[in-house]
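By written order: A, B, C and D. Residues from 1 in each chain.
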Amino acid sequence: MAKSRFEYVRSFESFDACLLNSWIVVRLDGRNFHRFSDHHQFAKPNDDQALALMARCAKNVMKDFNDIILSYGQSDEFSFVFRRETEVFQRRSSKLLSTVVSLFTSSYVFFWSNHFSNTPLQYPPTFDGRIVLYPTDKNLRDYLSWRQADCHINNLHNTAYWKLVSEAGMSPNDAQTKLGKMLANDKNEMLFSQFNTNYNNIPELFRKGTVLVREPQQSQLKKHDELKKDDSKMNGDDQDTKVITNSDSLAIKDKQIFYKNKSTIINMLNTDIIGNKFWSERPYLLTSE
Amino acid sequence: MAKSRFEYVRSFESFDACLLNSWIVVRLDGRNFHRFSDHHQFAKPNDDQALALMARCAKNVMKDFNDIILSYGQSDEFSFVFRRETEVFQRRSSKLLSTVVSLFTSSYVFFWSNHFSNTPLQYPPTFDGRIVLYPTDKNLRDYLSWRQADCHINNLHNTAYWKLVSEAGMSPNDAQTKLGKMLANDKNEMLFSQFNTNYNNIPELFRKGTVLVREPQQSQLKKHDELKKDDSKMNGDDQDTKVITNSDSLAIKDKQIFYKNKSTIINMLNTDIIGNKFWSERPYLLTSE
Amino acid sequence: MAKSRFEYVRSFESFDACLLNSWIVVRLDGRNFHRFSDHHQFAKPNDDQALALMARCAKNVMKDFNDIILSYGQSDEFSFVFRRETEVFQRRSSKLLSTVVSLFTSSYVFFWSNHFSNTPLQYPPTFDGRIVLYPTDKNLRDYLSWRQADCHINNLHNTAYWKLVSEAGMSPNDAQTKLGKMLANDKNEMLFSQFNTNYNNIPELFRKGTVLVREPQQSQLKKHDELKKDDSKMNGDDQDTKVITNSDSLAIKDKQIFYKNKSTIINMLNTDIIGNKFWSERPYLLTSE
Amino acid sequence: MAKSRFEYVRSFESFDACLLNSWIVVRLDGRNFHRFSDHHQFAKPNDDQALALMARCAKNVMKDFNDIILSYGQSDEFSFVFRRETEVFQRRSSKLLSTVVSLFTSSYVFFWSNHFSNTPLQYPPTFDGRIVLYPTDKNLRDYLSWRQADCHINNLHNTAYWKLVSEAGMSPNDAQTKLGKMLANDKNEMLFSQFNTNYNNIPELFRKGTVLVREPQQSQLKKHDELKKDDSKMNGDDQDTKVITNSDSLAIKDKQIFYKNKSTIINMLNTDIIGNKFWSERPYLLTSE
């Protein structure tokens, strides 16, 4: 049995590296999760435990890959953002995709009983995934905004739908028909007038989804503050061709601290990531090229 | 909050369909399974339960995807062969890859305790995956032969290694050095003379790996036999440009029965798939284009 | 000025190799050739000189690339078939595509005056191109059949159209409308009854297009005949696992002679390539894997 | 002859669109141009006429594609930069590549006699091409800097080489060996001391290569100056979340004028494009995302 005789088939594999210096997003979605959530009696329109399990799995993925700077999830989906410069798996698309999806899925089954102690898992759930590249910071932010806007739109719709069905006793079909004709404002208004529900008082977990963001540890931030002072002094002598403002320079320094330091922490937030506040408070996340 | 404002980011997704009419192989491998097998006390050089669990997961994947005609596994890897004509997920590479890897991983954790009742799973295991295309039947068979030849080569090596370490008390380094200089025949000879082990008596599960093959049910085979008789009669009138021999024609009919019929069965074998026997007994698996 | 400072941008190039062991077809088409043919007074519906120039350019491409076994052209398009095993440019898609298109275009301008001695070229013509892969011989033949069927369909339509416009004095719009409602048979019938034209007597150049096929030289064919005799004798002892019939074995030998021998000739034909005759007469062109 | 029977082969074509919002560079290179330049007696180390012909061809390509904002050439190569947002050919890689290479090649043969009136073209020259994507403005500028740095390095080397061979009568091999050991400064010094040549006095055409840049017409610039004034007034009220400085805002306005207006002009320069000056004078070329 000659090894070399068949070995040639290896060369049929293609090298599917992602374009350099572009943001790599891996998004995974529950496959047939409508059925899955029925089988496991998820609360409607949102199940706290299911969302907590999703976040735990995402955190587990981020612990494994230091180059994921942020992940965002809602419902049965989660998006992972690898930093532009990542060299994980030589940026090979299939390796990145399969490993993230596998680790997330594995964690989902592994941690299931911690979150659903009274609901045994009935069959192995599946997630599918895709990889999308974004060349600029703006494109990346717009991607994340798209997902968070989607969370809001879906949640408003689902909240209204389940009020109509569970509280007003409307049939599913009738509820869908009624909502199909309504704009966002109408739904808000209906929730308030008919169900005495102020949509804005619904937990941010449901309205905003879950953000997991990698951040420098406090001890690092202190060091950074000292660098900041030095930085202000030295900046006048900058010889570089590009005029670097104070804030740019800090952002760059932050970034260096950030990625060289393996002992970052992962914070979980239910907050707006569409506006600028989240990003301007974390200059180490994005890069001006 | 305008939905359309961010919606444009969807168009950054690429449509990564696999070349039509080529064999699609998804191979997954355990990530860091050397460590994983240590942590869970897998028997060396082969662990029956671990192999049984792998096979069970593979079967679970094949149950979900009727278009997987065969899968082959050894150690911590498994390869899934989608038939040439499959239209599953529009042949999108990332969908096929991620779903297969996810379902396999999910099954691994889900079925773990059935196979390792006394060894709790300590952390979520991960598999990575890749997709490879093969244009011809010969290339596909050579791919599977490559994996089975690899199984044999590794198993012979590992069997010899663990004999040296566990029975002869050699240090791991010394065992590796010794084996590094030996050819396959030398290893066979050493096993026989020094450890009284006839390599050919080692279970085929270890020497050949595991083949899961989709086959028509018996009831279908009966119908097929009747078609066979009709076929012999009609063949003389065949008007087609291509001269179809009896056996070709049967292969084609078999195939039609095979894939149209959803109630196939999945058989598990530990047998040679390098030679012709396995394939000539199953004319419905391959196609002469 | 440091070379290395910018050198990193090279790594943004991707390696776009075509799948191994699949047929590579490069098809190029004239860009805006409707306008081009008007500006250069091409005869309608077919211009002999323009077709001869196309064929000459295609031949020039084939002279440069020994691995192109066949090319097929009609109207302002030409398809080039690289053999399955070609390693030209490491099978890189962009290199194959751009070089073939460039050499063809270059030849078109260079040889223009040989074919259009009284019509100066008014501006540089452009061709665009694409690469398509075909995994099986059948797919490749069907591709070529598709182009030749297309040639027939277009030529029948154009022949009828120009009869209506040039001979019957119909307006272009009226002619299109009339033909839009007719089937192939109707068009044939109209040509015969109204214009006394038997479509089958129209030159094969117009009805079948142009085939350029690489063939062994006569001297090689003689050697081959001798091998053939030896072959018949030895065939009984064939030890190979696959049963090789006489004709298979010859095909394989032919192929070896064919590609190892650089002094092949390129024949130009206007013949049917949809049926089996063309292919069975040239067993060295295709491969049973 | 049924059209539909073969039509299915079309679906083997893949849709190879370039990633959105990234810079698309098409670079073409003369194939075997060492031989070509010998056959056509190009002056060494640089041939004015050959470089002028290259520039003329590049300009012809830019006239055809309004979305090419800049091209850069040296020796027998030229790079074309399509703007980030281009939708030409739906960004299909093979279409962009093949059309640019074809039009350039076609122009080369077509315009040959205008530049080489006494040197008939002996055979059709060929160019090959590739497509590279750059996600950020910095990456794009570094790409162009890489090519211009390469121009300088090659030209210095070639200038020194031909002095040694033509003037000092050294053999080609000896000249290569001697230069292989010298740094840039040594070459400069040798040119000056041994050949009385100040490298910096060599024409910029040879040292810097050729830049073709698309620019707004003067009439447009006037309109733009008026907008500029309005702009200064309004800027204080800018409500946008991103702080837009005067120059940013102008850049954006410039760009709108630039691309909406089809009557741009193409200027030819032999100037430095590595430093900031070229770019800051043309704010409409690049984009801050």
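Note that in this section a contact is a pair of C-beta atoms (placed from the backbone, for glycine too) under 8 Å apart; a residue touches a chain by one contact, two chains touch by 3 or more.
The model shown is predicted, which means the values in this text are computed figures rather than measured ones.
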Selected interface, A-D versus B-D, where C-beta contact pairs are more numerous: A-D
Farthest chain (mean CA position) relative to chain B: D
Centre distance in Å when chain A and chain D are each reduced to the mean of their C-alpha atoms: 40
Between chain B and chain D, centroid-to-centroid distance (C-alpha), Å: 51
Residues of chain A engaged with two or more neighbouring chains: 12, 19-21, 133, 139
Contact footprint of chain B on chain A as seen in their complex: 1-3, 5-10, 12-13, 28, 31, 60, 64, 93-95, 97-99, 101-103, 105-111, 121, 123-134, 139, 142-143, 145-146, 149-150, 152-153, 184, 274
List of chain B residues in touch with chain D within their complex: 11-12, 14-15, 17, 19-21
Interface residues, chain D side, partner chain A - complex: 19-22, 133, 135-139, 241-242, 275-276, 289
